[in-house]
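Can you keep this structure in mind? I'll have questions shortly.
In this document, chain identifiers A, B, C, D, E, F, G and H correspond to the written order of the chains, with residue numbering beginning at 1 in each.
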Amino acid sequence: MIRDRVLALLRQVADGQLDINTALDRLARDPIESLPFATIDHHRALRQGYPEVILGQGKTTEQVVAIADHIAARGEGFLVTRASPEALDRLGRTFARAEINELARCAHLAPAEPVPSGSGTILIVTAGTSDLPVAEEAAVTARALGNTVDRLTDVGVAGIHRVLAGAETLTRASVVIVVAGMDGALPSVVGGLVARPVIAVPTSIGYGASFGGVAALLAALNSCASGVTVVNIDNGFGAAVAASRITHASIS
Amino acid sequence: MIRDRVLALLRQVADGQLDINTALDRLARDPIESLPFATIDHHRALRQGYPEVILGQGKTTEQVVAIADHIAARGEGFLVTRASPEALDRLGRTFARAEINELARCAHLAPAEPVPSGSGTILIVTAGTSDLPVAEEAAVTARALGNTVDRLTDVGVAGIHRVLAGAETLTRASVVIVVAGMDGALPSVVGGLVARPVIAVPTSIGYGASFGGVAALLAALNSCASGVTVVNIDNGFGAAVAASRITHASIS
Amino acid sequence: MIRDRVLALLRQVADGQLDINTALDRLARDPIESLPFATIDHHRALRQGYPEVILGQGKTTEQVVAIADHIAARGEGFLVTRASPEALDRLGRTFARAEINELARCAHLAPAEPVPSGSGTILIVTAGTSDLPVAEEAAVTARALGNTVDRLTDVGVAGIHRVLAGAETLTRASVVIVVAGMDGALPSVVGGLVARPVIAVPTSIGYGASFGGVAALLAALNSCASGVTVVNIDNGFGAAVAASRITHASIS
Amino acid sequence: MIRDRVLALLRQVADGQLDINTALDRLARDPIESLPFATIDHHRALRQGYPEVILGQGKTTEQVVAIADHIAARGEGFLVTRASPEALDRLGRTFARAEINELARCAHLAPAEPVPSGSGTILIVTAGTSDLPVAEEAAVTARALGNTVDRLTDVGVAGIHRVLAGAETLTRASVVIVVAGMDGALPSVVGGLVARPVIAVPTSIGYGASFGGVAALLAALNSCASGVTVVNIDNGFGAAVAASRITHASIS
Amino acid sequence: MIRDRVLALLRQVADGQLDINTALDRLARDPIESLPFATIDHHRALRQGYPEVILGQGKTTEQVVAIADHIAARGEGFLVTRASPEALDRLGRTFARAEINELARCAHLAPAEPVPSGSGTILIVTAGTSDLPVAEEAAVTARALGNTVDRLTDVGVAGIHRVLAGAETLTRASVVIVVAGMDGALPSVVGGLVARPVIAVPTSIGYGASFGGVAALLAALNSCASGVTVVNIDNGFGAAVAASRITHASIS
Amino acid sequence: MIRDRVLALLRQVADGQLDINTALDRLARDPIESLPFATIDHHRALRQGYPEVILGQGKTTEQVVAIADHIAARGEGFLVTRASPEALDRLGRTFARAEINELARCAHLAPAEPVPSGSGTILIVTAGTSDLPVAEEAAVTARALGNTVDRLTDVGVAGIHRVLAGAETLTRASVVIVVAGMDGALPSVVGGLVARPVIAVPTSIGYGASFGGVAALLAALNSCASGVTVVNIDNGFGAAVAASRITHASIS
Amino acid sequence: MIRDRVLALLRQVADGQLDINTALDRLARDPIESLPFATIDHHRALRQGYPEVILGQGKTTEQVVAIADHIAARGEGFLVTRASPEALDRLGRTFARAEINELARCAHLAPAEPVPSGSGTILIVTAGTSDLPVAEEAAVTARALGNTVDRLTDVGVAGIHRVLAGAETLTRASVVIVVAGMDGALPSVVGGLVARPVIAVPTSIGYGASFGGVAALLAALNSCASGVTVVNIDNGFGAAVAASRITHASIS
Amino acid sequence: MIRDRVLALLRQVADGQLDINTALDRLARDPIESLPFATIDHHRALRQGYPEVILGQGKTTEQVVAIADHIAARGEGFLVTRASPEALDRLGRTFARAEINELARCAHLAPAEPVPSGSGTILIVTAGTSDLPVAEEAAVTARALGNTVDRLTDVGVAGIHRVLAGAETLTRASVVIVVAGMDGALPSVVGGLVARPVIAVPTSIGYGASFGGVAALLAALNSCASGVTVVNIDNGFGAAVAASRITHASIS
């Protein structure tokens, strides 16, 4: 639509309705609008059907609800992440149609027109039950972005047969997100088992020398399985967006 | 084919040609072969047409050449990474057909039968000229794995117009690998500009508080652009494998 | 018993009661069961008489009690570690026969049939009184795994005569667990005094430059006494399992 | 005036009104006064018209109010930073004329005689909305020190067009303070866009591998834009004082 | 001139010489040129009379000389920093007019037309003699950017009278750069003595717990003197550019 | 007295009252008693007249009071450090004669017979008012160990004249304890001013890159004033014991 | 034999050949000899048949050979670890009977009388070929201490079937030493597969965020397999001593 | 003598030989001289008979010799620390009377008039033979500052009887310097054995998780023996100066 606006401006110049100095000023004064980049403006692109994302952390319940209200009023959808229990409660009562996920600390209101579907399935693998909230955040996000999600839970490497038992599930996936804390060994094992993209999410699960997830983060960065990529500690949201960038690659 | 072998074994049991205790022993003694996973053995899959990878670092020139020789004798290809100048020189003289890339510290011998092609283009973006060796390692690896590679060099964020000038190149790519040291700011800017998968490679370029690439690594992990994934410092090879996992997703 | 099941399956094949394709499917679909490794499946092995371990940390009281209930209903024992006071209280009221140890933050329900006894005595040595909770977790765990436990408390190296006074106790032990925070000097002294296996548990006791136990951890890893091994900070449970692996070595 | 006092003392010696031993004792006993440095005593200089600064953190509400009261009684102004909500409330009720800024956690009472004006405008740029409290602390401080403040908010580099849209604002500023957490990429982009002094304030915004602002701090210290300087994490106050040192350079 | 080009384009549209779709394409395809930001392109601005900077570190002597040659051929000046002894030797022999500074590891060729002069004096203060190379890099850079440089050397705080003896020199300066390793205490003392902008350069001087300059860096970031700013460890070049941004503030 | 016991044992052997094997067994079984070191048993030595020290941190109020009660019942004195407000309150009400110091978080009950006096004065210097609790802990400890304490407060290096003003006080001291957080610059300045022993206590005062006192700790360890020694962060108690070791050197 | 000496002394006292004061003095003056602990003096114990260990690192070739010579002259054996190539060469030429292992950087001269044999087999598992030198150091040490050594090499978790293929070997071992760098995931997998003691040796293999083995060390300390213990990075020697403490437990 | 000079100046004023403005100028222009602090100027004090210290590290052989020459020409003594082998060789050939200590990397030329003697003995205790160079630096420094030095070597805590054997030596010392790397456990043991001042010098001896002496440094800072103080890693010189401050306390 920016293209349209610049086109309109040029048309006015061509028609003599706008003198060239005024046209120049408009282009110069308002750089965003004049940016050819608008065609690849990711944020705008995401907004075309995608829900807008609100990071709940560091905002008051009032602020979160106000922003969500503002978006919903425009008829668009939203995804609130890292929301407090109080914020989730308020969002649930305010937006009857919203999906509230306490484990994931997320609230999701689907937009009116459906989000473009990603190709294939995003598989979310977790090492232990304590990793579930991060995995759930990834799942909620992936679904909100138009993806089908599959799960493989509690398959930590200390019982390697559990991962192996998931062979069929693993090979069916388009992208695999591996959520693991403590020693962070699971991404390497999974990365060696599948040929598809593998994204590791280190979690802050553990104590002592886990240093809030640093041990798992370093393990993932040094994975002996080639081509495993990594996101920030506990960043289930980011992993899902990365996975969705892959499943939507043929579309965007 | 494992399936076939187990089938044969069961048939022998059914036919009474094999007593059940012997059958049990065979299944128990030879775990890999009995594993249903053999069908997804990634290493085997990669070997189907892909070159075998030899990490040059920590090996003597003699060892590197011996391994390469062994592989070439089988009629397969190889990719040597992090090779010393001496090793590159020896490889170049031993394997006339091998491509020697001193900047990338790599030697590549293409296999006899062509590697499956990845879909689209892998774009490698670099912040400064000092990041070029890592970018080159990524490029050599990506091509060895059957990909088309494009480049955008010296587009550090301190001169933001340089990144913006690459708009068209950026939007054409299937996957973008961003190689950046020092402040590691480039992956965030690129991640905000394109909707496709973005893989950040922090480099050890810098001094003092860059701590050998840690500053750039942390910046990439905390990217304010959602869905940027990260590999280890200076790991151009790993980024290319990750990108190739994406471009081959529809094939594998 | 897995062996038995595969044997039964093969017998059915041999008897013509099961066609070979169905047999193959069963083996393939259910990899764990077909894994020869099941015979060394540690988790299963542990379950043979051993209590199942529930990490209380990061679980709600409801979850902990539910899991414990589930295990007890099967007639098996459990060991809950890092349980909150509330969880301990609920477990104590729910399972009359369970041993509740507030200092150790553990609850233990012995299984119906007795656990295999370890050979000799596991000695737990503590530097200061603040290290007692970790030592107690080690003691509860060691006993739950079938071991005899001895104690030597408050023998920090600043009063070296106190360690020396424990000479006889030290030499009697099969394995020595040394629990120490702050400067973590005790494992080195004990490691020099005894010839038996010594396992150091650094604790988070201290402040400032103790960095939550890192000082003690590094001291233990750099012990000038050869052959001292180390577990994670505050990991009394892990040290006891490691010690029990040693005392049960002739059995397993 | 110190010069005057020493002069007076020497005159008394010359006039025989003061014996030399007493004169010597006075010089020796009261080193500050005899210091030629008194003429450049920064604290004294700052007090000439500037508000006195009270760091609220680590003080009780009673202490903060008592100190503020003491200063106000002398007819001077004060600036309380990092004040608790309770302290702000009490200060607001005690000093009717004081400006209370809850977002900035600051209270400011302007002194009777106006503070010397800085030349030009201090521009405060923020990457995200979570960085606003630190930016606000900088703004309150800058104004309290006699500066005109301009703002550019929510211009994180993931949407690079937002920074570019601020071109005119950026070029108008005398000094630019860039407040950014997470990947800390914004100072580099701004440092490349403007030729004026740029001061980066890393913030503790983020989680996981942001390590409480360390990621943003390292990024700022390794900025690929030459001549960007840095202050401590979350130190909006310090950045404003540094900027004010620049805008008052022609005066002091 | 960009303005001119867009104006020309609009004029062609107005004149009917260019159809609007072609005009739109041109604007879209060539983002830099259409950016209003070109007017504040810092790099371009710096190049107007300033020498171009070449980071010698990580480049071969051949590369450094080739780049320098290329610049000199355009009739412009250059500043090579962190150059190897060999590179300095070659530069000295190649460019007769260049100033070679071995202590600073810099080579400077002044441009044909003089660089704009900064207002006032940049004072470079050093704690110890080992800090001199970094101080010298700052001095060479400052002078190359058109500034007058003054020096105060070997005034470490362990002999506090030495700093105090520099009172007059300190008060005369427009900007003070404080170069200090080890405990990094000097910036705090100087920051308390002068009201002008103070830029700290931590150096890697020291051993053991100085951690290559980290101790001095942290001391500078936590300076108890308000408004001291900091650059990267050993970054004399960056400090000088920051200082020059201040002295040229009234010009740029 | 150990000497006496061994003497008695040898006498019995000489007298034929004890056979040599029994004598050997006694020596072997009771290592402490046979240790010539008992004569230098520091703990015993300290207990001769000194109060016993109870670390309040990590103990319940009940435990602290019980231990204190036990000691007082023996007619000895105690020093409780890092006590909670509740514990201090209880100790104050239980031991009427005890000195309760809330700022220092200490309770001190002087023993019946006076503690040996240290020679000279221990001077405690503090950089800022936030460092006072740590300084107070040092002061209470030093006095409890029989020392005279002097104070110099709020003499941070940002106002260097304040330190200089304390010249006479500084030169009068036998030992100087310097308590400083943030940049930790004060120990270096003091260490350069006085020739007597200087002990630095880094404090956890500060935020961001002070890392809980690490910045001040590193500054102290890298002090450019030779011969400054350092204790753990916030360890006022340890600094006072170290100082008291010096003032009692001629006695012990 | 100490026992013998004390016995002799007591006998002299009993016989009246030695007066009791002289006897007391001898006991007091020579504490080691009088220490009942000599019976548990580990170093002495080790020397009974074990080779003496010389850490080659930080010693000149001359020093190493001189010490070795001194030991060999006593008719005892030695084990030199971390020896330079030059030292190994010299040792090989000096001691014809010594075993020189260049990969392990060790030289071993077996003592005249055979070392007590450990029970069972010590299995050394390695993740990659670069881990071999550390594994070899462990193997040489283990054999020198009287143990049988088995090997499982190149079984990194990225090809999990390789570990599984070693099932039988793993279950046969008495103690398992797992040598692994990079992500350090192997100890967790092995720890889950076997019930016997597992000792992890993190190696410094890797680059970038492996931080010289820290990533592998943290992974091992946070192993999700219970009861895995850890030694210092690259400490193959220490792991072997720890394993030998276990295999000799029934003997010592 | 400064006092004398100011007195003389005042006398001249009193006598009318100097006009007050000139007197004022002299006082103002030359702040050091007018500082009452000059009486406690540590550097000057140290120079009264003490050798001047030259840090050899970071200086060329030429610079070191030139400075030494300059000092010797004044008839004063010098102490060069951390000197290169080449510098030591040159110093030995230039100054026939100088003591060259290669192990300590020191050169010492005693001043003409003898240095004031410290009271008692400084005992230097070392854990292992690799710690000897640091211990030797401490010994050379201590002697150069007028102290008697005693030694206790190779008494690491892994053979605790070795420390205990040094009982008499330990109790005889006025101050104890404990030099220890690796686990840094020795200062705690010694600190518990003696009542005199104990100064710990952590050394960089070790590998892997010793992190260049950080493990030993942290252990010393967290010593469970109260009142142990610490200097920088490998800082034998600083420890000796600190000890000498104590032994000269009654003199200075």
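Going forward, a contact is a pair of C-beta atoms (placed from the backbone, for glycine too) under 8 Å apart; a residue touches a chain by one contact, two chains touch by 3 or more.
Small disclaimer: the values here were computed from a predicted structure and weren't measured.
Enquirer: Just how many steps, at minimum, does a route from subunit B to subunit H need if it may pass only between touching chains?
Expert: 2
Enquirer: By that same contact rule, can you tell me which chains touch subunit D and subunit F alike?
Expert: E, H
Enquirer: Most remote chain relative to subunit H, going by C-alpha centroids?
Expert: Centroid comparison gives A as the farthest chain from subunit H.
Enquirer: Using the touch rule from the top, work out which pair, G-H or C-H, shares more C-beta pairs.
Expert: C-H
Enquirer: Matching over half of the contact pairs by residue number, can you pick out the copy of the A-C interface from A-B, D-F or F-H?
Expert: Repeat interface, by the over-half criterion: D-F.
Enquirer: Using the average of all C-alpha atoms in each chain as its centre, how far is it in Å between subunit A and subunit H?
Expert: 59
Enquirer: Could you give the separation in Å between the centres of subunit E and subunit H, each centre being the mean of its C-alpha atoms?
Expert: Chain centroid spacing, subunit E to subunit H, equals 39 Å.
Enquirer: Measure off the straight-line distance from the CA centroid of subunit B to the CA centroid of subunit D, and report it in whole Å.
Expert: 50
Enquirer: Would you please write down the residue numbers of subunit F that are in contact with two or more other chains?
Expert: Expected reply: 29, 31, 35-37, 42-43, 158-160, 164, 167, 191-193, 208-210, 214, 217, 221-222, 225-226, 232.
Enquirer: Run through the chains and report each pair that touches.
Expert: A-B, A-C, A-D, A-E, A-G, B-C, B-D, B-E, B-G, C-F, C-G, C-H, D-E, D-F, D-H, E-F, E-H, F-G, F-H, G-H
Enquirer: Which stretch or stretches of subunit A touch subunit D in the complex?
Expert: Counting only subunit A, the residues touching subunit D are 29-32, 35, 37-38, 41-43, 55, 57-59, 202, 204, 212-214, 217, 232-235.
Enquirer: Would you pull the subunit D residues touching subunit B in the complex into a rising list?
Expert: Interface residues on the subunit D side: 127-128, 156-160, 163-164, 182-185, 187-189, 191-193, 206, 208-211, 214-216, 218-226.
Enquirer: How about subunit A: which of its residues touch subunit C in the complex?
Expert: 129-130, 158-162, 164-165, 167, 205, 207-210
Enquirer: Which residues of subunit F touch subunit G once you look at their complex with the stated criterion?
Expert: Interface residues on subunit F, with respect to subunit G: 3, 6-7, 10-11, 13-14, 16, 19-21, 23-24, 27-31, 34-37.
Enquirer: Subunit A touches which residues of subunit B in the complex?
Expert: Listed in rising order, the residues of subunit B that touch subunit A are 35-37, 39-40, 42-43, 45-46, 53, 120, 164, 167, 170-171, 174-175, 191-199, 217, 221-222, 225-232, 237-242, 244-246, 248-249, 252.
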